[in-house]
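Labels for the chains are A, B, C and D, by order of writing; each one numbers its residues from 1.
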Amino acid sequence: MVIVMNPNVTQEQVERVVHFVHQRGARTHVSYGEQRVIIGVIGHKSEIQKEQLKTLDGVENVFSILKPYKLVSRDFKPEDTVIPLNGVRIGNGEPVVIAGPCSVESEAQIIEAAWIVKEHGGHLLRGGAFKPRTSPYSFQGLGEQGLKYLRRAREETGLYIVTEVLDANDLPLVAEYADVLQIGARNMQNFNLLKAVGRLNKPVLLKRGMSATLTEFLMSAEYIMSEGNEQIILCERGIRTFVEYTRNTLDLAVVPAVRQISHLPIIVDPSHGTGRSDLIEPMALAAMAAGAQGLMVEMHPRPEEALSDADQSLSPVQFARLMRKVNQFVQWQKRDETFENSLV
Amino acid sequence: MVIVMNPNVTQEQVERVVHFVHQRGARTHVSYGEQRVIIGVIGHKSEIQKEQLKTLDGVENVFSILKPYKLVSRDFKPEDTVIPLNGVRIGNGEPVVIAGPCSVESEAQIIEAAWIVKEHGGHLLRGGAFKPRTSPYSFQGLGEQGLKYLRRAREETGLYIVTEVLDANDLPLVAEYADVLQIGARNMQNFNLLKAVGRLNKPVLLKRGMSATLTEFLMSAEYIMSEGNEQIILCERGIRTFVEYTRNTLDLAVVPAVRQISHLPIIVDPSHGTGRSDLIEPMALAAMAAGAQGLMVEMHPRPEEALSDADQSLSPVQFARLMRKVNQFVQWQKRDETFENSLV
Amino acid sequence: MVIVMNPNVTQEQVERVVHFVHQRGARTHVSYGEQRVIIGVIGHKSEIQKEQLKTLDGVENVFSILKPYKLVSRDFKPEDTVIPLNGVRIGNGEPVVIAGPCSVESEAQIIEAAWIVKEHGGHLLRGGAFKPRTSPYSFQGLGEQGLKYLRRAREETGLYIVTEVLDANDLPLVAEYADVLQIGARNMQNFNLLKAVGRLNKPVLLKRGMSATLTEFLMSAEYIMSEGNEQIILCERGIRTFVEYTRNTLDLAVVPAVRQISHLPIIVDPSHGTGRSDLIEPMALAAMAAGAQGLMVEMHPRPEEALSDADQSLSPVQFARLMRKVNQFVQWQKRDETFENSLV
Amino acid sequence: MVIVMNPNVTQEQVERVVHFVHQRGARTHVSYGEQRVIIGVIGHKSEIQKEQLKTLDGVENVFSILKPYKLVSRDFKPEDTVIPLNGVRIGNGEPVVIAGPCSVESEAQIIEAAWIVKEHGGHLLRGGAFKPRTSPYSFQGLGEQGLKYLRRAREETGLYIVTEVLDANDLPLVAEYADVLQIGARNMQNFNLLKAVGRLNKPVLLKRGMSATLTEFLMSAEYIMSEGNEQIILCERGIRTFVEYTRNTLDLAVVPAVRQISHLPIIVDPSHGTGRSDLIEPMALAAMAAGAQGLMVEMHPRPEEALSDADQSLSPVQFARLMRKVNQFVQWQKRDETFENSLV
């Protein structure tokens, strides 16, 4: 850390800060500039907190030098993390498409949806059995029955299942049925849940909280990794801003940013990211172009009957069109890459 | 709901929307204006969702007419909800002050803090035993041991205890020690937890999520009330905005807004709302002036040693000064009220 | 407009609202629902304002049915507006690339930059002579001298010039030199300036304000069109959010949204949109994939010497790479379009 | 500035950064920590920009140590700036109340409004003659005729006039009629206008832009002061956030923050800050409690007829009530201050 002292700081105040740092086992380097005294903390110990230093007399500001995340960063692990799932290798240049309805509504619905996903080349089936709904009067999901229907859809189509777990308590149950455990945006900082999935050996899809900074997003992944589970797929799903035309604002810049900072794969959910079925296709392609390693989209056999998220679900025809576009785009990316490599 | 059709809508599209509504048990009223056809839905059933209507051909927009909350609204219960706690009646014009450290750090620390709170006229003691921390490497709280220290502080000083519960799983344990159960901002939409505290007969302090709209905030209270528990204290603690000078932006307008819409009491947390100990006092007074029915502030016997939130904790001297100011302000409000009433 | 009355509304209040509307020359349609009285305003006159209706007793809410923009909407003009500029036709499926330094710094610098832009296939040269800077102590641009250097660059390379006009006062001067007049984000609601450029016969590049909604953005274009000038290029350049990793948050969903609502072309500025040169390329490609009809990027012969925006300017090598990628992407889009058309 | 180098930085990269700084006339201090090399820049010259340093190889981050504002800061001028206006001394502990309609609509309306303001103890009359309106089809103000009506109101009532100037071009005209020149939120970064009012000897009321940080707000005041005019009244009027219940989010924490950092007075506009007449009173009192040195409120003799901002204008009765409350509050503050002083 670097401590910047007030312009009118006294020598005594400087000495008290230095003493505070030394007492906690670190060293200091004091630099007397023309306008400010700056104290560098060397050999930083976790006992010294930025917030504590700010309370000391004469301190104007404190800057952190080190990033707070370790395990999720490329400094820790330079090569991409690759998660093999049902034949597709997420994070390895093969884009994964996860699709399906917001909620599992019936056995027939989820099986019909699964066949549509499979027919058009989707890789995993999504569907919520436990649903986090803003209103207590909205459909709350079918619970365990929904998980059973998902298993049936998996048996029929062979598609792997991505489904949300809302609570550490439900985890043993959900983990029995899910191939990938989804942590929703509202739970990105449910630290008990993060630790609990961190102790499993199962891929986790971690959605960004709707007002999470990139650092907070990565710190939540760090919680999971710090418990031992490295199979984490990050998912950008839009942030809350003043914008009123879309439900959320899809922050695609986070995609190349994550790929620089972290070894973890990142995918994008343009359904929640826009809240409008007519904007899913262009934003899905934009996500791919920004470097996303996959997509998560809502698709319902009959959107007008969907019990949740009807207006941000693709119809089967729209999904077919999206998959065709995505596949063509991937072809282009591969050709482009080959071309780039030929230049080196 | 009111459905607005596209400018180029066909008669067939109008009829299909009408049919969709009728099939689900509601009636319609179609109005042919000069520029738009508008379809009113009369006798609205929960089977018809705004999101579904938006997927129908020819629909441009759908407006909700009714508010989504019921039990928490003044339409449902016109008189203020009053929660008696240790001699103070929250929501009854007597401002409650909840104070104490961010985290319980030791028995000595929490007991010392409790005496300071009591000495200066605070009503309840806060202190976290289970802490939600952004980093897995930060102090995570003392857990059950912390709860035991809180009980000791209660026994010594007689102050009631407000402490956070992070998980439905921990609820039986925490409820044993807490007089008021705090649901933190990160858990405002942890619906399992909301339902679980809703089934208890114990006051709940519900903090606003950092990107929650007022409607979402009230809907989370609705979850608790819909399970039977009416003893809910709302708490504004700042929202996330682009502002960089303070940790959060305290949205004080929500205070008079809640008091209009809802019968539930609302208090304000200027510690989290600003993240700066030097701004707590003016913002606490501002909260009172806006109509807040209480305050929640962080106070640590020695802020520079606090294991969390050091820079947004008042020192004992600052807390004493705040309490003096708050009490004087309350005197003024009472005199002002008497004066107002004498005019009627 | 649709007026929703309070649940406890009196018949007298309803009649007063109806009277208010009739007095101002419009008709009403009153609908008595089960839970609310709703008053539709038919034959809406501009004399009746939503804000006025909200002040009347018994009114709970007022919804606007009609969009506030007219001339810029596809309802008014269904076909795309195409702006021919120096051989490229903006809005006609040919992506335009506008590139160059943030500021004109010297004759040599801008001519060198222009040759680099031209060499790699850019279509127009950007460069600021009048600079809006947050600090009065920062470089404020070369003023008229800068415009003269831009003219020299145009004479040498044949590239058309895009440059910012800050003030209606400067407009005659700037218009003499510019092929496209840029209205910056800070001036998106400088209505005098909008009207002034609306009276010229010269293309205008209108940047979105950093906290402008889509409606406000389109209303600013409406100002220009309402004065007669239809040659407007919209430009998304990022909005201000809580995100700290990038300078702004590029709201790419606005691109397909504008293309649905409006006939005006829209381009994207990933330099301001991210504030980081390492994120420009992925976000430029994402913008194209979302449907942007062009790009505006900052490029400096030697970014480390740039007097403004050094860290969001591409180097010549980075620019060359971007142009190669963009051109390959355009090839893909064309092939994809041919393929799509072959399916019809 | 403090330059933080990458973890894998080479000695050559460090040397190149040092060379870059030296070449531009400053000195460096290199500190080799356990995890990072840090380079302090000593004797900082304006030739070295943070943005340039960030482009150099091996640089991870650059922190500014000095604040960008000078003249507006308390470091520059420790005592409060006091602006005497028509008997009231703004910034001297006497709260100023500026009130009146959003727009001047007629001679009769503004004179009626002025008498109401005066009768209830308001100090200055506000009223817009040149109006910045989102829509070109909305009432744009009466222009010079409006200014003449304002002068008539001043002659009749003796109230000083606060009115907005939209453009440097209009400044000579508006300055002839106005006692205080208002710079609106949309013009907070209209730097030509800031410089122009900076060259006059007349008080300026500078409103915060709707997405301006505190630093940007102060930098705009710095523009005015750097031209010689020190009579600046800052005005918080709400920022744009995701909140939907109010038009803007009043950021009251900026009030005590400005009073710490700057010697300039700051007032609050709860009309624009909330956009709802029913929230003006509580937020006005909150502003005073937070330390605001005055208020600016919209008041219209008949809000339902107002041509702009009808729903955020107080009626005369509401204004009378607000003034009574404000005056009582001020009494309390004075007593409280006397009490505080008696303790010292």
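Assume a contact is a pair of C-beta atoms (placed from the backbone, for glycine too) under 8 Å apart; a residue touches a chain by one contact, two chains touch by 3 or more.
Owing to the predicted nature of the structure, the values given are computational and were not obtained by experimental measurement.
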Following contacts chain by chain, what is the lowest number of steps it takes to reach chain C starting at chain A? 1
Most remote chain, CA-based centroid, reference being chain C: B
Inter-chain centre distance, chain A versus chain D - centres from mean C-alpha coordinates, in Å: 38
Averaging C-alpha coordinates per chain, one finds the centres of chain B and chain D separated by a number of Å equal to 30
Chain C to chain D: how many Å between their CA centres? 27
Hey, what residues on chain B touch two or more of the other chains? 211, 240-242
Complex contact set, residues of chain A against chain B: 20, 46, 49-52, 54-56, 68, 132-137, 166-169, 186-187, 189-192, 195, 210-211, 216, 219, 222-223, 226, 240, 277, 303-313
Given the complex with chain D, which residues does chain A contribute to the contact? 2, 4, 7, 29, 31, 33-36, 38, 40, 42-44, 61, 63, 65-66, 75, 240-242
Residues of chain D that touch chain B when the two form their complex: 211, 213-215, 239, 241-246, 249-257, 260, 273-274, 278-279, 282-283, 285-291, 325, 328-329, 332, 335-336, 339
